[in-house]
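Just so it is clear, A, B, C and D label the chains in written order, and each chain counts residues from 1 on its own.
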Amino acid sequence: MTATREHLSQAIINAGRFLYGRGWSPATSSNYSARLTSAEVLLTVSGKHKGELGMDDLLAVDMAGQSLEEGKTPSAETLLHTQLYRWKPEIGAVLHTHSVNATVLSRLCLSDSLVFADYELQKAFRGITTHESQVEVPVFDNDQDIVRLAARVQPWLDSHPDCVGYLIRGHGLYTWGQGMQDTLRQIEAFEFLFECELKMRALQAR
Amino acid sequence: MTATREHLSQAIINAGRFLYGRGWSPATSSNYSARLTSAEVLLTVSGKHKGELGMDDLLAVDMAGQSLEEGKTPSAETLLHTQLYRWKPEIGAVLHTHSVNATVLSRLCLSDSLVFADYELQKAFRGITTHESQVEVPVFDNDQDIVRLAARVQPWLDSHPDCVGYLIRGHGLYTWGQGMQDTLRQIEAFEFLFECELKMRALQAR
Amino acid sequence: MTATREHLSQAIINAGRFLYGRGWSPATSSNYSARLTSAEVLLTVSGKHKGELGMDDLLAVDMAGQSLEEGKTPSAETLLHTQLYRWKPEIGAVLHTHSVNATVLSRLCLSDSLVFADYELQKAFRGITTHESQVEVPVFDNDQDIVRLAARVQPWLDSHPDCVGYLIRGHGLYTWGQGMQDTLRQIEAFEFLFECELKMRALQAR
Amino acid sequence: MTATREHLSQAIINAGRFLYGRGWSPATSSNYSARLTSAEVLLTVSGKHKGELGMDDLLAVDMAGQSLEEGKTPSAETLLHTQLYRWKPEIGAVLHTHSVNATVLSRLCLSDSLVFADYELQKAFRGITTHESQVEVPVFDNDQDIVRLAARVQPWLDSHPDCVGYLIRGHGLYTWGQGMQDTLRQIEAFEFLFECELKMRALQAR
């Protein structure tokens, strides 16, 4: 194992422990990845307990999402990861989580996107410097056909170069960053905003 | 103690620590079991703190729910466990938990069952491969007469061979799997869905 | 220090760590006690962090609530503890906690008592064997004059020998048991019921 | 490093671990400080993970908020800290946190202040001895221009010498005390009251 792979594996394992501990990756849901090279990505294999990942629960895939390791099956959603690494060369990590609040909010949102505004915490996202900005998060309908789902995500990415994450309805969040630290910070910020938004909605109608 | 019994005892003790820690087995509620043989089940004794179970807090019962160990009283709900092991030979573990959300949702549900649909996490249940399926969870009225309660559960099991769990109103959840790992994954999935469903209901009416 | 005092001190310190950890004794609120003899009670001193109690943060008081240790001031609410030990000789521990849910529910309850019914967890209270019973919990208005407050509590205790706990409005819960273990089980059961009740109320009106 | 600086640094690092653990300082939000001398304040540098602060993540500033250490950038909000130390010589610590509940409640509050009344826990604030008092917490509109924001805070402080904390809308809480212990107790009390208030509002309209 190269030093890079060992380092990135450990970063993914640690991320899993954190995200599972927060309740954001329950019941073997979620998948995580990190860029190995310009042409390869390290990704979690399918169906593992995310709080108890080991070195063997990761595999390398190419940018088309094909396994580079015999006997290991990548997550069904691999293409949603590689799509992002192909979109922007500076992306070094992608986290897909599956929290109650992301699930509920994405289902309650009947339109194509959520907009967050006037939250100081928006500044936790890359490129945002004031609460007076707006963070738009698209919500795509869930689909077990990942090729078809990726084909719906791509036009949004192409037309929104500053996009910081997206939701799949009833399914969860995708976000990314230059490294694992950045990406975890964005997860925390998203989960904070999701919880705020649900509480606001519950109380605003009164 | 046989190696199997020791192994299964430890699995139950660990499950208890986890489930108590999550708040799903408060105040000595809940009971857990694992299959020892085709004719015997290992089960928690009555009234213990589920986060602090010891090897002595378990006893073997036969498939009629009778204690096989002098001086140890099985949980009053033993029959609900043995009923499941008799129903399907592949069942290796049964967990009954008692969370706030299971209690509240089962009380709010005035009909005979809850239906979960369009949640990606339904795939955490054995045999489910798409969010486009429906997971139906029956809700039985609570009853201190366990023989009578079991007699109400049996026809449902007989007519729903794919059933993955059921609720007792104001009382909690029963779910099962081939091993403890599977069963814990199903508990996590159920609790996730219960929480989603309560949040959805709170917000959908607005 | 006698063996009894050392043992009870440790039980109180451990209870504090647990209760603070759960968020039920925030910001130096709450007070805890255990019976030393038929005439003396061991009690937390005023104003300490309940998750970090030490052996010195406890003092002995007589049944009139007077300090038996020079230089140590018992909690202002001492009389509410000693009142209970005088009421029933079998009471060995009293816990007063201060959770968000106890605070909110006691404020929302405009009548003189709350009634819990049809919850299986009612069986966690001493003497309750079925969910078909009713657990009535009186709610007393808060009062900084503890002599006056105790005088309002006493008639209720006298007329309800099976009382398992009471609430002070906007202030918290008092419950008791033969030992610390029993009393902690009752706290968990009360907090479970408070959370259920608040969730039921939020959703039932829909 | 002087003994005082080392001691205060450790107190800030520990406070960060606690506050991050509670979810009150997510995604590198928040900033904390402690008074070094009558003219200098020790403060967190900008943009660090608050649960993983190290000795190097702190810097000394003067009472005008200017860095006294080459190469280290103080938090953008430094002036809101030094303003408080200049206001009252007895203030020894200032904590700014960023919880979901503080964010939501400050946004839902359309008037200039929140008032807490009839909560026993108000007594956790310095100078409050009864639940029959009122704790008024001003809510200032968020502003990326900290000089302008501080200029709006100052008149309130001048006219409310007993003020125990304030909110910035959609942004979080500022509170203070003689030492770190005091200030953490006030944070716990505020967060308790925020959660109570949100739950009360959700249920009172029914």
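The definition used in the following text is that a contact is a pair of C-beta atoms (placed from the backbone, for glycine too) under 8 Å apart; a residue touches a chain by one contact, two chains touch by 3 or more.
The chain list, named the UniProt way, goes like this: A, B, C, D = Methylthioribulose-1-phosphate dehydratase.
Here the structure is a predicted model, which is why all the values come from computation and not from measurement.
Answer with same or different: of all residue numbers used at the interface between chain A and chain D, are over half used by both copies?
different
Go ahead and note the Å separation of the Cα centroids belonging to chain B and chain C.
32
Counting in whole Å, what is the centre-to-centre distance of chain A and chain C, each centre being its mean C-alpha position?
Chain centroid spacing, chain A to chain C, equals 45 Å.
Which residue numbers or ranges of chain A touch two or more of the other chains?
202
Could you list each pair of chains that touch, in label order?
Per the contact definition above, the touching pairs are A-B, A-D, B-C, C-D.
Would you tell me which residues of chain B are touching chain A in their complex?
118-121, 124, 129-132, 181, 185-186, 188-189, 191-192, 195-196, 199-200, 202-204, 206
Report the residues of chain B in contact with chain C in the complex, numbered from low to high.
26-29, 49, 98, 100-101, 103-104, 107-108, 142, 144, 168-172, 198, 201-202, 205
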